[in-house]
Each structure stands twice: as structure tokens, then as C-alpha cells.
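These are the structures in question, set out in turn.
Same chain, two partners: chain A is paired with chain B first, then with chain C.
Take a look at the complex of A and B:
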């Protein structure tokens, strides 16, 4: 057996696939067949990861949120409630699925299926280890952003086809929020791309490897903007105005039942994994971890980082109350957008200094890291102070309304206009 | 490069198969009479908190959403123009820096104008 004749480190899945490819090549397979087999194997691996995590994360997330909110979470089905996702799936799959009479039934059925496509396709360009990437596109970052913005259309398909006022309201809110947060996130990633000088994700990981540092140290502001922007785009709890139960019941999936509803539930978990993986790749070095990747397979480190970022998202969801829509829109347009524009200019100046004066990276990068951290802190704190100057800070005792000479938050806009 | 897109295409097949499988299983269960299917006029009417539905939802909608969409088009076009700049920036030098600063500055003026005209308020 050619496959067993060679020793491959079985911990590294990339080597296992390479071994299989070599064995097939020895057996006389044509290049076309090798290409198809390699593509199918890689896609199957990614699908396995997505399928497994989207099932197990139902349990992970509910347990963790339970712990954060000082309750137990699911603990009846199986040991520690581990079989809860399977119980959920069985329940959803054998439930009656209703389609409203007034709905556009073709689009209504299509929406939960196609909503998976951008979520899963985003995994195609992520490097799982050294050379372990399904499609190493040279426009990787742009590809991910393009996929991310298409999910607004799927949500609108669901909301519009339902022919329900709550559903339409929910999907309009999703679109307004998605396109508002699209701009700061795109501009934040622009800083990363300009700093690394490439749009390929494996190129960005290679940049972090050559300079022996993660990009989060050079781009703290971009990291924070992307983290907040992405957590809003995910439609999860601090920003889940699209399905706000207390306002518009369930938003765009109000009319869905049975497995179609289950798909909407699952795609949320796939999306959050995709965004965590993007953050782990761009800002936390992907599979590269300060030489630790010599001893531990890169894909294990990568998945570890993905779960670390995922934990932050769960933490947001478990602790923050829902924002109002005007607060969310103001946060995107008035807070994140100016900061991301400043960040782009900052990166441009830094890269210009770096390349024009041909300073060695060892000297210039630590300085940039310190400067960027200080500037990020100053900009965030300063801009937050400017934006909230009309709000009352730290009241020391209970007061009557007539004692407060500052306008209340809801009236600040109209009061400012009356003065002008 | 087309080869790489082709590999992403393999994932597209799986990405379509992944949500289709549970839907098809669900349909199969319906055919085997395991999954119930007893629609009646009340069940298949549009849900509106218990009261009877008035009209349909495909009508006019609040204009503020369109203002946001217009602003989005401006800024996303900006981002699309800036991405090639970001990749080629290292080769272009001072010219590209000034160009980008001017470009962002002009947009920033527009942004300030939009803010002054209350286009960013969610009224």
C-alpha cells in the first residue's frame, strides 16, 4: 500500500490529504481527478466542521448563557443535557410545517435554504493550517465581505414572502442594520488589508508569521470596530432588533415553523462560527501561534481561537440588554464610522512611513503597536465623551426632573435644534 | 485563480445540500404520515397577534430606511474603491497617500453635511 508506505503525521489533516493525493497519483490518477477529489475532500471536511459545530454549539451556547445568567441551562436530555440538540432536531423535523395562505410559497420555502449558502461559503477561503486552505483566493477579504452582505437579501426574502407585517418590519430592520454596520466593518478590514498589503487570507496569516506578531497588536481599533460591527450583523442578542420578541414577536421568521424555522436557528450558529473564524484568522494569527504551531497541529489552534472569539459573542449575548434601533443606528453611523475612517488614514500614514523610509520592520512595528494602542484608547474614550456630553453622568442622589438642567437623552436632539 | 474558485464551487454544492437534507427528510416524514399535516383556514392565516389580518404587508414603507440605503451606497462605493488602493499602496508611494486622503476628505465633508441635515438621526 502506497498510503501506508509513507509516514505522515496523522494529527495534521493536511498531511493526511496530501498522503491520499500522493497515493492516488502513484496509482495513475489524472490531474483532473486529483483536483476533483481534493476539492470534494476539503469541502467535506469544512461541511463536517460546520455541521458538527452547529449541532454542538446549541448546547454550548445555551449552557454558557445559563451559567452567565446564574441558571443551569438544558440538563435533562442525556448527561449534562448533551443530547438536547438532537432532541431539538427530532422535535423540529417531525413538526407540522405551516405555510400561510397569503404567502409567496416558493420564495417562502427557498429563503431558509439559500440563507445557508453565504454562511458556509465563507469558510472556503479560511486557512486551517499551513497550506490547508480549500480556495486560496487573492481577493479573500473582499470575497468574505461580499458573502456577508448577501445575507441581507435572504432575510428580506423570508420577511417579504411571509406577507406578514411583523415579518416585513423585522426584515426591513435587518437590512437597515446590516447595511449600516457593513460600512464600519468593511473600513476596519481595509486597515488590515492595507497593513498586510494583501487581500488573501493565507497571505495575511503569512504576514503575521513573518513579523512574529498578531495583527490585533497593530490594529486594535480595527479589531474592536470589527468585533462590535460583526456582533451587530450577526443579529444576536444585544442587537437582535430584527426578531425582538417584545416588539415584533419573532421578526422575519414569525411565520416559519418546523424544520424551516430550525434552519433559521441553525444558520445563526453557522454565521457566528464564520465570523469568529474570520476574526481568528485576520486578527489572531489563524493557525500561527508564536511557534506553538510547531508542536500542535495548526487546525487545532485555529479551532481553539475560533471558540475563544465565539465565547466573547456568547458573553455579549448573555450580559447585554437589547439596544433600541435608534441607538444601534447611531452607534454605527456616529461612532464606528468616523473611527474607522480615522483608522484607515492612520494605517495609510504608517504604511507610507514604513515603506518610503525603508525602516526595518523590527524597529517600526513595535512603535506602531504602541502608537496604535494609545491612539485607539484616546479616540474611543474621547469620541465617546464628545458624543455623550449632553447626558447626565453619575448622579449622586435622586432628584426631581425640574432640578436637572441638562436635556434628557430622548430630547437632546430636539433641544439642540431649538438652540441652533 | 479559476481553479481556486472552482474549489469554492465544490463547497457551494455542499452548502446547498446541507440545508436541503433536513427539509427533504421532513418532507419524507410528511409522506410517511409521521409528520402531521392538517391545515385549516385559521392555522394558515397570517399571524397578527390573534386579530384578523387586515390587508397584506406588500405596501409602502417608512422613508427613513431608504435614506439609510442611499447613504450606504455612497460609503460602500467608497470602500470598493479603497480596497484596490490598499493592496497596491506599497508600490505607489506618496501619490497614493495624497490621493486617498483627498478621497476620504471629500467623503468626510459629505458625511458631515449628512449629519448636519439630520440624515443620520433615526426620527
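Take a look at the complex of A and C:
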């Protein structure tokens, strides 16, 4: 059999697929059939990865948050609690999936299903290894942004169809937050795209490979903006105002029970993995790791980086308190947006210098890296100093709120009217 | 099949009584149009179609639906029914006339080219004035919105 006749490095998944393709081609399959088989294999691989990780990540996340918060986390079912996700899943499947009497039942049922579509589609354009990409779109970055912008609609479907005021409030919060945070993240990615000169994700990895560096070194500001913006768009703590338990109970999935709730829970984990993978591709070189990818298969390095970024998200969630909604909006519009605009301007100037004076990349890129790092630090520190109000870290005596000279945001309108 | 999806969803937009259901069918129709763009190998336009229409415009419409009273009740009769019918009939006949009369030229099978570079260059060299006018207009609209909602 042609598939087993040659020795393949089993660590590299691409070899196995290539072997299968060769075997099929030897057997006389047409190009169309090969295309379909390759697409199906890729889709199966991605679905398997997404399914497996979203199950195992429940355990990873709960254990890690438990460790961060000095408690144990799930540790009863199986060794180290490893079987906890399976127990959870069995419980969720057994439970009755209720539909409220006055709910819009068609939309109510549809929402948790269609919310999965953009989450999984985002994986299609990611380069898992050298040449291991399911659909190498040359507008890959825009494609991911387009998928991210549609998820607001699914959340709104869930919130509206539930016929519950808390659900509706939660979904309106999601929409307001998605609109606000879309702008800084898009502008941050615009900086990356302008620097790399391509919108294809594998093209961006190739750019990092040819210049022997990761884009995080040239775009630290864009990396931070995208990290914060993405963690807000993911609806996770510290930005989980859409499902804030202490404010609006559970937000848009308050009326969902059983496996419908399980789907919302799972899609959050899938989304985190997708965003981590996007960050790993754009800023951390994807499968390319300073020549280490000669010895270790690229997809292993890529998944390692994805989990490194995922760890940052878990860290955020475990340590930071929840923002108030006005704080979250102010953070997007007053802090991230100006910084991302400055970043785009900076990248435009740098790319202009680079291409117009035809300086070799070896000279100009280290200078850019240093300049961008210094400017990122100065801008973040300076802008934070300008924008934040002065507060006393250690007040000498207890004071009433009205004694503090800066009015609270919720009071500013009425206070101003009372003065006028 | 994509055309059937697009036209069917667009038809449902008119038939459905609930405004929000109509909005969801409209989004489905936008996605169908994006699929048609992909089959025409205009990948950039397709992605932008999803980003702007299915993402941004839909959210705008969600806000307007939420501000509409009785949006999920029976929205049947209206005073503007006859003028709307006449106007849409005229537009439909106009488009049909153009589509039939135009001498369509079928280009040879071409590969999947990188359209985004060409669009970017066209936007910034020959069409830079309309591009700038559009951006100035948007900035003016944004400032106007901020002025309108200011409390003090």
C-alpha cells in the first residue's frame, strides 16, 4: 500500500495528510475529489481540536482559577478532577431544556446553535504549521474581524427571544461593548497589517519568518490593545458585564437551561481559543519559533503558544475585578482608541520611511522595535496619567463621597444640572 | 442555491409580521449576497459585505427595532402601502430592464486574484477625493451625534 510504503515523520500531521493525498492520486482520483477529501480532513481536524480543547479547557480554566484564588478547583471526579468536564456534560445533557412560555421559541432555539458558526469558522484561516492551513484567504484578517462582528447578532437573538428584561439588558450591553471595542481592535490589527504588508495570516507568519522576529517586538502597543479589546469582546472577566451575576443575574443566557446553556458555555471556550490562536498567529509568529520549528512540528509550537495566550486570559479572569459599564466604555473610547490611532500613525510613518528610502530591513527593523517599545511605554504611562483622576491612595481620614471634588460619573449629569 | 437563499430570505423579510424576524431574515439575505460575491471571486468585497452589512448595519437596525414600539405585533396595514408598492415596482422594473438590456460580457475563467491590493490602490490614487469626502462626512456625522447627546 502506497500510504505505508514510505516512512513518514509521525510527529508531522501534514506528512500523513500528504501521504494520503499521494495514495489517492496514485489510485487515480481526480483533482476535485482530492480537494474535497483535503477539505474534509482539515474540517475534521479542526472540529476535533475544537471539541477536545473546549472539553479539556473547562478543567484547565477551573483548576487554574482555583489555584489563582487559593482554592482547589474540581478535584473529585477522576485523577486530579480530570473527568469533571465529562460529568458536567452528562449533567447538562440530562437536564430538561426549558423554553419560557412567552419566548420566541424558534429564535430561542436557533440562537445557541448559530452562535457556534462564527466561532468555528474563525479556525479555518489559521496556519497551524508550514502549509497546514485549511483556507489560505488573502483577506484573512478582515475575515476574522467580519466573523467577530456577527456574534453580536446571535447574542441579541438569545437575549431578545428569552422575553426577559435581564436577558435583554445583557444583550444590549454586549452590543454596546462589541461596537465600542471593535474600533480599537480593528485599528490595532490595521497597524499589524500595514507593517506586514499583507492581510493573509500565513503571509503575516511568512513576514515574521523572513525578518527573523515576531511582530510583538514591532507592535507592542497593538498587541496590548488587541489583548484588552479581545478580552472585552470575549465577554470574560474583567469585562463580563453582559452576564454579570451580581448585576443582571446571568445576562443573555438567563433563561437557557440544559444543553442549550451548555452550548453557550462551550462557545465561550471556543471563542477564547480562537482569539488566543489569532494572537499567537499575528503577534507570536504562529508556527515559526526562531528556528525551533526545525526540530519540533510547527503545530505543536502553535498550540503551545495558543495555550500561553490562553493562560494570560485565565490570569485576567482570575485576578481582575469586574469593570462597571461606564468604566468599560470609557476605557475603550478614551484610552484604547486614541492609542490605537497613534499606533496607526506611527506604523504609517515607519512603513513610509522603510519603503521610500529603501533601507535594508536588518538596519531599520531593530530601530523600529526600540522606538515602538519606548513610545508604547511612554504613551501608555502618559495617557494614563492624563486620563485618570487623581485619587488618594492612602486617605488620612474617612470622607463622604460628596466631599471629593471630582464627581462620580453617574452623578455628573444631575450635578451639573443642579449647579446650572 | 445561494441565489435561492438570498431571494428567499429577502422575500421572507416582507412576509414576516414580526420586525425582528424580518431583520434576521435580512441578515441571512446579506450573508447570501456575500456568498454570491465569493463565487464571483471578489473575496474582499464578500468579507466587507459580511463585516459592514451583517455586522454593523444589522446592529444599527437592531437599535432602531428596539426603539420602535409594537415591533413584534401585527404590522400589517399602513397609509404608505400604495406609494411603497408603486415605488418598489418602478425600481424592480428599472433593474429588470437594465439587466435584460445590458450586453453582458462573460470573461474567461480567471484565477482567484488578490483584489484587496487593487482596491486599496484605486481608493488612494484615482479615487482619493471621494474617499476623503466620505471620511469628512463621517467625521461630521460623528461630531453631530456627540453634540446631540451631550448632557450639558
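What we mean here is this: the second predicted complex is superposed on the first by the 388 of 420 C-alpha atoms of A that agree within 3 Å, B and C clash if a C-alpha of one lies under 4 Å from a C-alpha of the other, contacts with A are read in each partner's own complex, and residues count from 1 in each chain.
Note that in this section a residue touches a chain if its C-beta (ideal position, glycine included) is under 8 Å from a C-beta of that chain, and two chains touch if they have at least 3 such contacts.
Owing to the predicted nature of the structure, the values given are computational and were not obtained by experimental measurement.
Look at A:175: by the touch rule set out above, it reaches both chain B and chain C.
Looking at the shared chain after the overlay, A:20 reaches neither chain B nor chain C.
When the two complexes are superposed, the chain touching more residues of chain A, out of chain B and chain C, is B.
When the two structures are aligned on the shared chain, A:260 is found in touch with chain B, with no touch to chain C.
Of the two partner chains, both chain B and chain C are touched by A:199. In the overlay built on the shared chain, the residue A:153 is in contact with chain C alone; chain B does not reach it. In the superposition on chain A, contact of A:116 is made with chain B only, not with chain C. After overlaying the two complexes on the shared chain, residue contacts for A:138 are found with chain B and with chain C alike.
Shared-chain residue A:167: touches chain B; no touch with chain C. Across the superposed pair, chain B and chain C both touch chain A at residues 137-138, 142, 160, 172, 175, 179, 199, 413, 417. Remark: chain C residues 18, 20-21, 24, 27, 43-44, 47-48, 50-51, 54-56, 58-59, 62-63, 66, 72, 114, 116, 151-152 touch chain A in the complex.
Chain B contributes residues 1, 3-16, 18-20, 22-23, 25-26, 29-30, 34-39, 41, 43-49, 53, 56-58, 61-62, 65, 68-69, 71-72, 75-76, 79, 82-83, 85-87, 89-90, 93-94, 97, 100-101, 104, 107-108, 111, 115, 118, 120-123 to its touches with chain A in the complex.
Considering their complex, residues 104, 107, 137-139, 142-143, 145-147, 149-150, 152-153, 156-157, 160, 172, 175, 178-179, 199, 412-413, 416-417, 420 of chain A touch chain C.
Within the complex formed with chain B, the residues of chain A that make contact are 35-36, 38-40, 42-44, 46-47, 50-51, 89, 93-103, 109, 112-117, 119-121, 123-125, 134-138, 141-142, 160, 162-168, 172, 175-176, 179-180, 182-183, 186-187, 190, 193-194, 197-199, 249, 254-255, 258-260, 262-263, 266-267, 325-326, 329-330, 333-334, 337-338, 341, 344-345, 348-349, 351-352, 355-356, 413, 417.
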